[in-house]
Amino acid sequence: MKRTKLLSAIFAIVMVVAMFALTACGGGNGGGGDVEPAGSGSAPAPAAGGTIVIGATGPLTGDASSYGISVNQGAQMAVDEINAAGGLNGIMLELKMKDDKAAATDAASAYDQLYDDGMQVSMGSVTSGACDAFAQRAVADGLFVLTPSASQQSIIEQGDTIFRLCFSDPEQGALAARDLAGKYEKIGVIYDTSDTYSTGLYEGFVAQMEELGKADAYTTRTFDQDNKKDFSAQVEALKDCDVIFCPFYYTEASLVCKACTNKGLTDMPIYGCDGLDGLAALLDDTIKNPITYITPLDVTSTDAKVAKFVEDYSARFGATPDQFAADGYDVIYVIFEALKAAGVDNADMSSADMSAAVTQVLAGGSFSYAGITGQMQWTAEGACDKILNVVQLQ
Amino acid sequence: MGEAKKKKPLANGSWKNYITYIVIVAFLIIMIILNLTVGLGRGDKSTLARIAFSCILAVSLNLVVGFLGELSLGHAGFMCVGAYLGCYTANILRGATALPDLVTVIIAMIIAGIVAAIFGFIIGLPALRLRGDYLAIATLAFGEIVRCVFKNLKVFGGAKGMSTKIYNNDTLFILAFIILLIVVFCCQNLINSKHGRAVIAIRDNEIAAKAMGVNVTFYKLLIFIVAAFFAGVAGVLYGSTIGTIRQETFSFNYSIEILVMVVLGGMGSINGSLIAATIITYLNILLQNQISGALAPVKNIVYALILIVIVIFSNAPALKGFRESIAPKALLAKLSKKKPDAGDIRSDEAKWDRIPTKIHIDEVLSADTRKGYANDPVPPGEDVVPMEATKDELYQPTNRKEEN
Amino acid sequence: MVIAIDGLSLGAIYALIALGYTMVYGIAKMLNFAHGDVIMVGAYMIYTLCSLTWTVGSLPIWAGALIAFVVSVVVCTLLGMFNEKVAYKPLRGASPLAALITAIGVSYLLQGVAQLIWGAEQRSISILDRLGTAKLGAYSIRWSSIITVVCGAILMTALTLFVKKTRTGRAMLAVSEDKGAAQMMGINVNKIVSITFAIGSGLATFAALFYLPTTAISPTLGSMPGIKAFAAAVIGGIGSIPGAVLGGILLGVVEVVCNSFEATASYTTAIEFALLIIILLVRPIGLLGKKRRVKV
């Protein structure tokens, strides 16, 4: 029993230290919390006008981390650009992004920490599940949230201060249904029953198909998060369809493509939503399926703004930006423009006041912003109006 | 700390049980005072609530792993059941009645506990037939099945998860700690009662316990039910802290995390579980907050390294001498220039370590007379040294070689 | 037919992983939770080395892939032995639970390091799937499945023969029966345990190669197949080599069949694990497990 006793002693010492740290953090609360190691990029120059803290959470580790890292990089790039250009009349912006592993639990505790760190406006969370927990707290505090990519419909319904930059899942699913029903007779659908994005898209798709009177034109197969490494069975079941609709992320879609190739279905068209952006990087020369997807960002676009973003991003991070990076980049600019439009000139404003001002601008109906993901406008409910492109990947 | 009670549970050790309560209450009071004076940050308060429900989970899992000696990898499954059904009840109650939030949450906890206990009964049944690793994988399977079923139930939001009301941040941690106190109280009393001794007897030697007339079926089920009940309660606390309940939270990784708390704290030690749960929960949150951005993967590495180092340090047979030399008792003895009492230093942890799980039960059963143990039929005074020697032969051939 | 081949091929992969679990359990009496992550490391190694040999070395695809694979097997074997020496060996003689916890620690560590080196975005590479499909009457079956099943069968037979016929193999059996007695008979237990870990990790690399045609590589690649292979090992009776093969194939077929039907696909995991529980309730020691008499 000595072992447990010794362990207890070690733990007791650690706990005392930990408690001390905890209380020290609590005591130093007014001071704005601990020093935050900057995610990447240059530290903002000390500004005369103070700093506005933009909070965010996203998956920086774990399975979904590529999305969170992209958003973080895109947003950080926007913040650095704005600060380099003098900020908001001398007021610097600061992005604080915490890891939430795409989990509600961690998003909730990250929110609380960000709140203690003096977050004034926020870009919510990257994934829907985490953003749900984030938004719930934000509504209670009256904090402004403009999420780059949490597209679950119910998130903006939580309160007046919650906005999104992306399309909602049902809208996009309905759009896909209209597009697909016009082109193909037999549609095969695979979706992820454990993922909110995927189920949202699928539900929108099904509702629209029923409205179109084509409820029997599609066949469905599913997978879930514990079972998403091998799609042979699903593709085998759908091999007689004219097209496979993949309402989920590109990581799994690349596996569907692989399964198609393995089955010799090299001309089976693959159709997807904005989650498929980034798919090209995962495919090699063996895959020849025609791929079509809906996306707000077209990296090959000749638009000067988009081209500059793609170039800068590639130069800085050594990778082609995906839609998440673009969303993150746009969110910061929208917040910046909205702060400008609201006439915010004081970095010490309370989070509730600043959020209220920004909310009013976005919900007002007259504010619009032309970002790299298109021309955007917001409804009072928080939904974003913008045009979606359909991109073809050969 | 409180381990001494295991040696002499009935004589003069009973007051030591109160130390745990005193420490928890003192900790809570300090936090309340700090909150009222300096003002705790919101993150600190939710950290405290998370610590409290982690402690409840660890203590309740310790009943199964430490005291009953069955390895369970599905504890998060019980929590999942409790969180979903409890918070669903709370949502209905909030819609239908105007009860104060505290009453709603408490009713939700009771219902969550009962439903989880029913599941505990169901998973306890195979526990009667399975041993060691087989039971471990069965409980793991149970946890995954629960998750998969909730994922497909539209009533609970399916993949989108279920939202519930966040309990007032200022008082949540107080509520959570009070519930923790109740849980610890129940567990301590259960373990120190006649029933607790029966449970420990089953762990140490099931066949002997059966022969002595202990109702093995009853006690195994009892422990599974009690542990599941508390896990269900913790599930409601989780829901009230986080506000969103999603099935992927309760994956087997979470069960493993709870198991890590129990093992690090020392199996069969409630105080150990409390301390380890506190530290691991705090460490997780600390790493999440201190390491962000591109360095985020580093925190997993740090966490993993801490885990490996602590376990090797505190368990490796080769480090036994070193551990003893820095043990508090030995240090104290050195300070007072007194040779440590031989009776105290004689350690049987190498054997004690094997007992809590039945992975090795067939080997352990062949020679299992230990000295100085709480419910041991051999009183501490009696000498069983020859037996010790045989056991060394039986158990530690490789180990002895390494030490030489 | 196609479902059967797909199921067999997935089953063969699970069986290869399950063999690693079962052998390590039989000899070291510990659950090596980090075993799934060795597959992940193997997959990353194959990916990196293939990319290197193809682009930098500009070798022909098959030569590059072969070199990459051989090097990966060696690296993973060494990694398995290194893990054993550093993380598990100090705990031999301590509680099996302590070793379980360090195994979990090693698993987290490998995942963290992998994310640090290769990043979080998924990678994908085509090696075996370049072979395309074979026409078998009306069915088209991919070559990679056929190779997986055939190679799997060869590896498992070889392993069985190795354990039964060679001195080292018999020493392994002896150690798994009674470590102390084996040592007294002059068997170097430490060496045998190292060899076991090496073989298990080598098999995991094979599993990684066969897994690549259907999957993408990410730091958490190994965790779910790891658990399912563990389940397979238990279904077959942990410690038993034919049991692991049987369990793996059973689980693979069930998974593919479940995924093929709309009604069952979203319950696949639940069905697999329910099957496990039912089998354990009927036969608490697994299908081919050895009964151990409890001595009093």
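Per-chain residue numbering starts at 1, and chain names A, B and C are given in the order in which the chains are listed.
Just so we're on the same page, a contact is a pair of C-beta atoms (placed from the backbone, for glycine too) under 8 Å apart; a residue touches a chain by one contact, two chains touch by 3 or more.
Note that the coordinates shown come from a computational prediction; the quantities given were computed from them, not determined experimentally.
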Centre-to-centre on C-alpha atoms, which chain is most distant from chain B? A
The chain pair with the larger count of contacting C-beta pairs, comparing A-C against A-B, is A-B
Centroid from C-alpha atoms only, then distance chain B to chain C, rounded to Å. What do you get? 31
For the pair chain A and chain B, the C-alpha centroid-to-centroid distance in angstrom is 37
Overlap residues in chain A, where contacts from two or more other chains coincide: 61, 65, 69, 193, 224, 226
Residues of chain B engaged with two or more neighbouring chains: 144, 148, 151-152, 264, 297, 299-300, 314-315, 353
Name the residues of chain C that each touch 2 or more other chains. 112, 115, 120, 266, 269
Can you name the residues of chain C that touch chain B in the complex? 25, 29, 31, 87, 90-98, 100-102, 104-109, 111-113, 115-116, 120, 179-180, 183-184, 189-190, 227, 230-231, 234, 238, 266-267, 269-270, 273-274, 276-277, 280-281, 284-286, 292-296
What residues of chain C sit close enough to touch chain A in their complex? 2-3, 6, 10, 112, 115, 119-126, 129-130, 132-133, 140, 142, 144-145, 211, 213-216, 218, 220-221, 224-225, 255-262, 265-266, 268-269
Footprint of chain A on chain B - complex, ascending: 1, 3, 6-7, 27, 34, 38-47, 50, 144, 148, 151-152, 158-161, 163, 166, 169, 238, 241-249, 264-266, 268-269, 271-272, 275-276, 278-279, 282-283, 285-286, 288-297, 299-300, 310, 314-315, 323-324, 326-329, 345, 347, 349, 352-353, 372
Could you pull out which chain A residues touch chain B in their complex? 1-12, 14-15, 18-19, 21-23, 25-27, 29, 33-34, 36-40, 60-61, 65, 69, 72, 96-99, 103-106, 108-110, 112-113, 115-116, 128-129, 132-133, 136-137, 140, 152, 154, 192-196, 198-200, 224-226
In the complex of these two chains, what residues of chain B are touching chain C? 65, 71, 126, 129-131, 133-134, 136-138, 140-142, 144-145, 148-149, 151-152, 207-208, 252, 256, 259-260, 263-264, 267, 297-301, 303-305, 307-308, 311-312, 314-319, 350, 353-354, 356-357, 359-362, 365-366, 393-399, 401-402
